[in-house]
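Listed below are the structures to be examined.
Below, chain A partners chain B and then partners chain C, in two separate complexes.
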Partner chain A sequence: MIKYLKTDDSKCVGCMTCTAVCSTLYFKEDNPAKSAIQVQDKGRGEFHLVACDQECRKCVQECPTQAITVAKTGVVMINKNLCVGCLACVAVCPIGAMRFFPGHRYPFKCIACGACAKECPKDALSIAEKEETAESRAWAEVIAAVAQPKE
Partner chain B sequence: MAKTYEEINEKIARGDAVVLTAEEVARMAEELSPAEIAARVDVVTTATFGAMCSSGCFINFGHPEPGLRMESITLNGVPVFGGIAAVDAYIGATEVDPNNPRYGGGHLIEALVRGETLVLEARGKGTDCYPRRYARAEINKDSVNEIIMVNPRNAYQNYPAATNSSGKTLYTYMGTLLPRFGNITYSTSGELSPLLNDPELRTIGIGTRVFLAGAQGFVSWNGTQFNTEKPANEFGLPLSNARTLMLTANLKQMDPAYLKAAYFERYGVSLFVGLGIPIPVLDEDIARRVSISNRQIETTVCDYAEKGHPGIARVTYAALRAGWVELDGRKVRTAPLSSLAKAREIAEVLKAQVRAGAFPLAAPVQPLPTHATVRGLSLAGDAS
Partner chain C sequence: MSTYTRKDFNVLAEQHYELRPVKRGYNMRTLYVNVGTRTIAEKPVSETMKAKFVGGKGFGLKLLWDGTRPTTKWNDPENEIVIAMGPICGNTNYPGSGKSLVVSISPLTDIPIDSNVGGFFGPFLKFSGFDALELQGKAEKETIVFIDGNEGTIQLLEAPADLPTDTHVLAELLTHAFAHDEKDLQNVSVVSSGRGAEVSPLGLLNFSLYDKRRQGVRVKQAGRGGIGHVFRDKKLKALVVRYAGVHQDSNGAANPAEVQRIGLKLHREIVVNDDRQCKMRRQGTAHLMEVMNDYDLLPTKNHRYGQDPKGPEIASWVWEKLLSQHLPDGCWYGCTLACAHAVDHFELQTGPYKGQKVCVDGPEYETAAGVGSNLYVYDPHGILELNFYCDTYGIDTISFGTTTSFLMECWELGIINAEFTGGIDLSWGNWKGAAQILHDMVERKPFGVLAGKGVKFLSQYFVSELGADPQLMKDIALHGKGLEQSQYISKESLAQQGGYYLTNKGPQHDEAWLIFMDMVNNHLPTFEKKAEALHYFPMFRTWFGLQGLCKLPWNDIEPADNHKYAEPNKVPEHVQNYCDLYTAITGEPLTPEGLILQSERVYNFQRLFNIRRGYGHRKDDYPPYRAVGPVLPDEYFARQERYDKQIREKIGLDPSTMTVEEKLKVIREYRMKQYESLVDAVFARRGWTMDGCPTPEHLRKIGMDVPEAIETAEARIAGRI
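Right, the complex of A and B next:
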C-alpha cells in the first residue's frame, strides 16, 4: 500500500493554513515557498493543491546517486547522506511536487506526515492509502541493481 | 594596478591576502569597479560539481609471482582497459558491468576513494616472461601501487541547457527530458564555474594547480573537444560548450565527499566530480572577468528531440536559477544536474586552503591553445 496526502481541490478556499503548517514544521518559518504542499490560485475563487502522490516515483528512478528511495509505508523519501543536491529530481517531477528553495542544500517533498491535514479547516486534505501499481514498483529494479555490485 | 603571482603568494604567506569566492566577488561588483576589485582582492575561488563522463583513473595493481600480462581485466565484474603494460589498467567512469548496466566504472572509482575492497580478475595468454594466465585478488587503494586520476575532459566552459519538444520522454545524459517542453535541465555552476571566470584562460593552463575531488591535482593538457571558436556574448562569455580541461591528481588523496558515482536512467553510469580552481586577480582585466554574474552568463537551450540538438533559445543563468523560463510562450520548469551546494562548499574549502598557504599559486607552465575547433566524424559508406 502507498500512504499519501489526498487532496480535494473542490474544498480548498486558499486560506494557506497548510503551507504555514508545513513550512513552520520543517523550516521554522511561515513561507509558502518552503512548503511541500503548494496552493495554486486558479482565479475565480478556485485553487489547486499540489503535493507528491508518492506513486509515480520518477524521481526515484531519476536520482543519479540513488538518494531517493521508497519507505515501507510507500512514501518517497530523500536520504540526505546520499543526496549531492544536483536537483535532477526537481527537473523530472511532472507536477512540480519535488521542491527546492534557493540557497538550501537539499530538495524537499511531501512525506505524508499529515500535519497539514490535521489543521485544514475545510477538510480538503487527508492521509489516505492506495494500492501499488506496476509503475510505482518500477523503481525497485533500479535501486536493487545499483545498490550492490554483483558477486 | 597589476600584481604578480609572487606578490600574491607573499601576501598569502603574510596572512594579508584577500581571498573570496566567485559568488562573493560577483556581489561585490554590484558596488565596486573592476579597478577597485583588482586593488582589494587577490584570489577568487571557483568551483563546480557535476557529472563528468570523461573521467577515469590509471591503476597499477603490482605484479603477482609468477607474473601475468593482464590483457582482459575486470574489477567487481566491470571491465577495465588493459591494453597497456602488464599490470596497468584504466578504469573508465562510464564502463559498465555487462550483467548490470547500472553499475560501472564510476562506482569502482568511488569505492576506491572510500577505501573499499574490489575483486580483481585478470587473464592473459601467458608468455615466456609472464607465464601466468589468470589471477584473482582483492585490492584497495592501499594495496595497489598507484591510482592516478586522468580525466580527458572536465570543467566544460558553459554547457547548453536541454529540453524536449517531442511527445515522448527522452532519457539523456542531461537527465530525463519530459515531453512537450516539460522541463529544461542545465549543468553549469554559472558564476562559480571555473572557466567562465577566466574565459580566455589567462591564468589557467598546463601546470595550474587545481582542487580535484579533495586532492591537489594539476591541469595536464587542454581537455578533449577544446573549442575556442564558439560564439560569445557581449561579455566575452561563450554561449555553449567551449573550452575544457584535462586534469590529473592522485586518487589516494581524494575525499569521497567530493566525488560520487552516478547512474542516469536509460543512459548509463557517470561520475560526479568536484573541481575547484583559484584565480589570481593579477589586474583589472581579470578583476572584470571574475566579477561576472549569472545575469551576464547565457547559455543555449537545445532541443534534444531534433537531429543535431538545435538551439532554440538563449537564457541567462539568473533565469535558469529562478526555477522556470518562458519558452515558446509557456512557463517551463528548470533544474540543474550539477550541485550548486557542493560547488559552493568546494569554493569555500579552497578559499580556506589558499588563505592558509596550503594551495600555492603559479603561472601556467604553458598556455592552452588560443585557436582550436572541434571536428565531427565522417562516416564510411552509408551514414544513416
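Right, the complex of A and C next:
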C-alpha cells in the first residue's frame, strides 16, 4: 500500500493554511516557496493543490546516489546524508512536486506527514492509502534486473 | 577470488596534509608524488598559473612542461602522468561536470597527449584538496597511491604480489579493500590499467565509479595515447582515492544558487528534449551508428568505405535493447544526459574469463565503430566482447580498432598470413581473431605484442621486414603523429581532415567535428570559413578540458529553439550557460570571447610543447591518404559517380577517357593541393607561421606571454629547434 496526501481541488479556498503549516514545520518560517504542499491560484476563485502522489517514483529511479528511497509505508523519502543536491529529481518530477529553494543544498518534498491535513479548514487535504501499481513498482524492477547476483 | 584488506598493503611512504575546503572552484595547490624516490609534496598554485593556464589540461601541461626536459622519453623516470580537474569540475548541478584531464608524454607520439575521462576519481581528488595529481618516477615495487581525502593522508603502498592487474577484478578488489564498510563503497574511486597496457603503447587508464544499483564497479577510460603504458612502466598498480561527503556546494562556489539555476535549466532541457534529439539517455553515443552509416561516414574495412548494407545490424536500436534501461548512468553525479550505459550479465565466450558473466561498460560510438564496422564485425556480441577485453586489459578501443583494421587489410592484401600471426585468422569480420590478438598480447606471444605496437610502427615494420610497398603502407596506416585516427570517415570533408590532422595531439575528434557543417550542410564553402571553424571549434572545445567538463551536454542536447540563433552550430545558449556557470563558481566574469581566449592560450602552449620537443612542424600535420581520398581502385569504383563528377567539375578533365589509375592520381593531386591551401588558411587564422609555429606577437596578443612560451617560439623561428 502507498500512503499519500490526497488533495481535493474543489474544496480548496486558497487560504494558504497548509503552506504555512508545512513551511513552518520544516523550515521554521511561513513561506509558500518552502512548503511541500503548493496552492496554485487558477483565477476565478479556483485553486490547484500540488503534492507528491508517492506513486510515479521517477525521482527514485533518477537519483544517482539512491538518496531517494521508498519507505515501508510507500512514501518516497530523501536521505540528506546521501543527497548531493544535483536536482535531477526536481527536473524529472512530472508534476513539480519535488521542490527546492535556491541556495539550499537539498530538495524537499511531501512525505505525507499529514500536518497540513489536520489544519485545513475545508477538508481539502487528507492522508489516504492506495494500491501499488506497475508504475510504482518499476524502479525496483530496474534494480533487480541489473544487480549482481549475491554470492 | 580472495579479498584484501588495508593490512595487506605494506606502507612504503606516508604523509599527512592539512584539509581545506575548495574555494571558488580551486584548492590552489597540487599534489606531487614521485613513486621512485617515494617523495610526496604539495605544490602551491600561483595566481599566474591560474590566470594563464586556468586548470585541467592547462595545469596538466604546465606541470608536465616543468617536470620534463625537451628530450624526456615516455619511459624515462621523469616523464609524468598528470591528472587535473579544473574549476568547474565536481559541481553536481550542471550535467557533464565530472571530468578529469590526463596528460603525459605519449609512447605513441613522443609529444604530450591529453585524455578527458569521467568516473569519480577527479572530483574526489579535488574535494580531497588538490587541483591536480602529478606522478613521476619509476617504482621499484608494484605501487598503489592512496589518498584519503577525509583523513588528510597520502600513502604509497606496496601491492600484494598476487593482486591481479586486469581492471574489472582489480578495481573491484581495491574498492572493497579501501572502503570502510558497505556504505562507503561509493566514496572510493580507483584508477587502474591492465595487463595489455604492460606490453602495448595502446594502453589506457580506467577511472572507476561505484554503481550502487549494480552493486559493482564501473569504469570510464582515459583512452588515447598510451597513458596506461606509462602507468605500468612506472610500476603503478593503481591510484585510489577515498572521499565521503560530496554535497551540492563541495566546489565552494561564489554563487551556489546560480549554479543550481543553470544546472536545473539544463536538466529540464534534457528531460524534455533528449528523447526527440539524440536519445543519449537510452542509447548513449551509440545513437550515431545508423546516422553515420547513412551518411557514408561509418568506418568500414579500415576506412575504405563509409557504409555497408550490414550497418543496421549494429544500429542504435540494437544497442538500446542490449543496454540496461532507466538507470541514471551518468559518469559523475548530476549528469542527467547519462550516456554511460552498460550491458549487464554479459557472458564471455573467449579468453581467461570465458564463461563469466560481466558488466560491459559501453559500447560507445567509437568502440562500436572501431571494433565493429571497421573490422567488418556486425555481431553485437563480438563488439561487446572486444569492448570488455580492451577495457579490462587496459587497451584503447579506438587505437586497437584502427590497428586491427589495418592488420585485417594487410591480411586481405596478402602482406601477412597465418604463419605470421601465429595462427590467428584475420579475415574481415572475424571478431574472435581480433579477441585472440588481445589474449596473445597479455600472454606476450610474439604476434600479440607486435600487433599492440600500433599502426605507425606496424606500417614501417611491414616495409622493412616483409617488403611491403612503402607508399601503400603510408596511405592505409591511419594515424597522425603516431596516434591512430578515431572513427569517422573524413574523405569527403576537407574541414574534417583539418579537424583531425591539424590537431595538437593527433587525429582525435575531440578538437573539431565539422563533417556535417562542411560536407552535409555546406556551411563552410571557402578556405576562410573552414579556417575560421578550425580556429573556433578547437579553441571552444579545449575549454571543456580546462574546466573538467564533458563535451556532450554542449551539443548532444540542444535548446528547442536553437535553430533560431544566428550560429546554431555553436549552440549559443549553452555557450552562455558555460560563461554563467564559470562566473557562478569562480566569481570571475567571463564572456564567450574571453572563454575562447582562455583556451587559445593553452592551445598555443600545447603547440609550443610539441615544438619544444622537436615536433610541431607543418610536416607533422599531414594525413595518410586514406583519410583524404580513395587509395585503391575498388574504393574508387565503390563511389565512382562521386569521384567522376569531381574530376569533371572540379578538375576539368573527362573521366570517360581515363584509366582508374589515372583517375586516382588526379584526384589525389587535387585533394592534397586542397589540403595544402587549408593548412595555409588555418595557420594564418591561428596566428602561426606557415611552418605552424605561433608567432611571439600572437602569443603576446593572446596573453600567453610566459617566458618559456616566447623563448620556444623564438627558438623555432630562428631555426634553433
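Note that the second predicted complex is superposed on the first by the 140 of 151 C-alpha atoms of A that agree within 3 Å, B and C clash if a C-alpha of one lies under 4 Å from a C-alpha of the other, contacts with A are read in each partner's own complex, and residues count from 1 in each chain.
Everything below uses one rule, namely that a residue touches a chain if its C-beta (ideal position, glycine included) is under 8 Å from a C-beta of that chain, and two chains touch if they have at least 3 such contacts.
Note that the structure is a prediction, hence the values are computed from the model and not measured.
Once chain A of one complex is fitted onto chain A of the other, the partner contacts of A:96 are limited to chain B, with no touch recorded for chain C.
Shared-chain residue A:27: touches no atom of chain B or chain C. Applying the stated contact rule after C-alpha superposition, one finds that A:105 touches each of chain B and chain C. Once the two complexes are laid over each other on the shared chain, residue contacts for A:62 go to chain B and to chain C alike.
By the document's definition of touching, both partners, chain B and chain C, reach A:88. Comparing the two interfaces of chain A, the one with chain B and the one with chain C have residues 61-62, 64-66, 84-88, 90-92, 100, 102, 105-106, 142, 145-146 in common. On the side of chain B, the complex with chain A involves touching residues 49-51, 76-78, 97, 99-100, 102-103, 107, 175-176, 178, 182-185, 260-265, 270, 272, 321, 323, 333-342.
Taken together, the chain A residues at the contact with chain C in this complex read 61-66, 83-88, 90-92, 100, 102-103, 105-106, 138-139, 142-143, 145-148. Across the complex, chain B is touched by residues 58, 61-62, 64-66, 84-88, 90-92, 94, 96, 100, 102, 104-106, 142, 145-146, 149-150 of chain A.
Of all residues in chain C, only 92-93, 186, 212-216, 246-249, 256-257, 260-261, 263-264, 267-268, 270-271, 324-328, 330, 333-334, 336, 344, 359 touch chain A in the complex they form.
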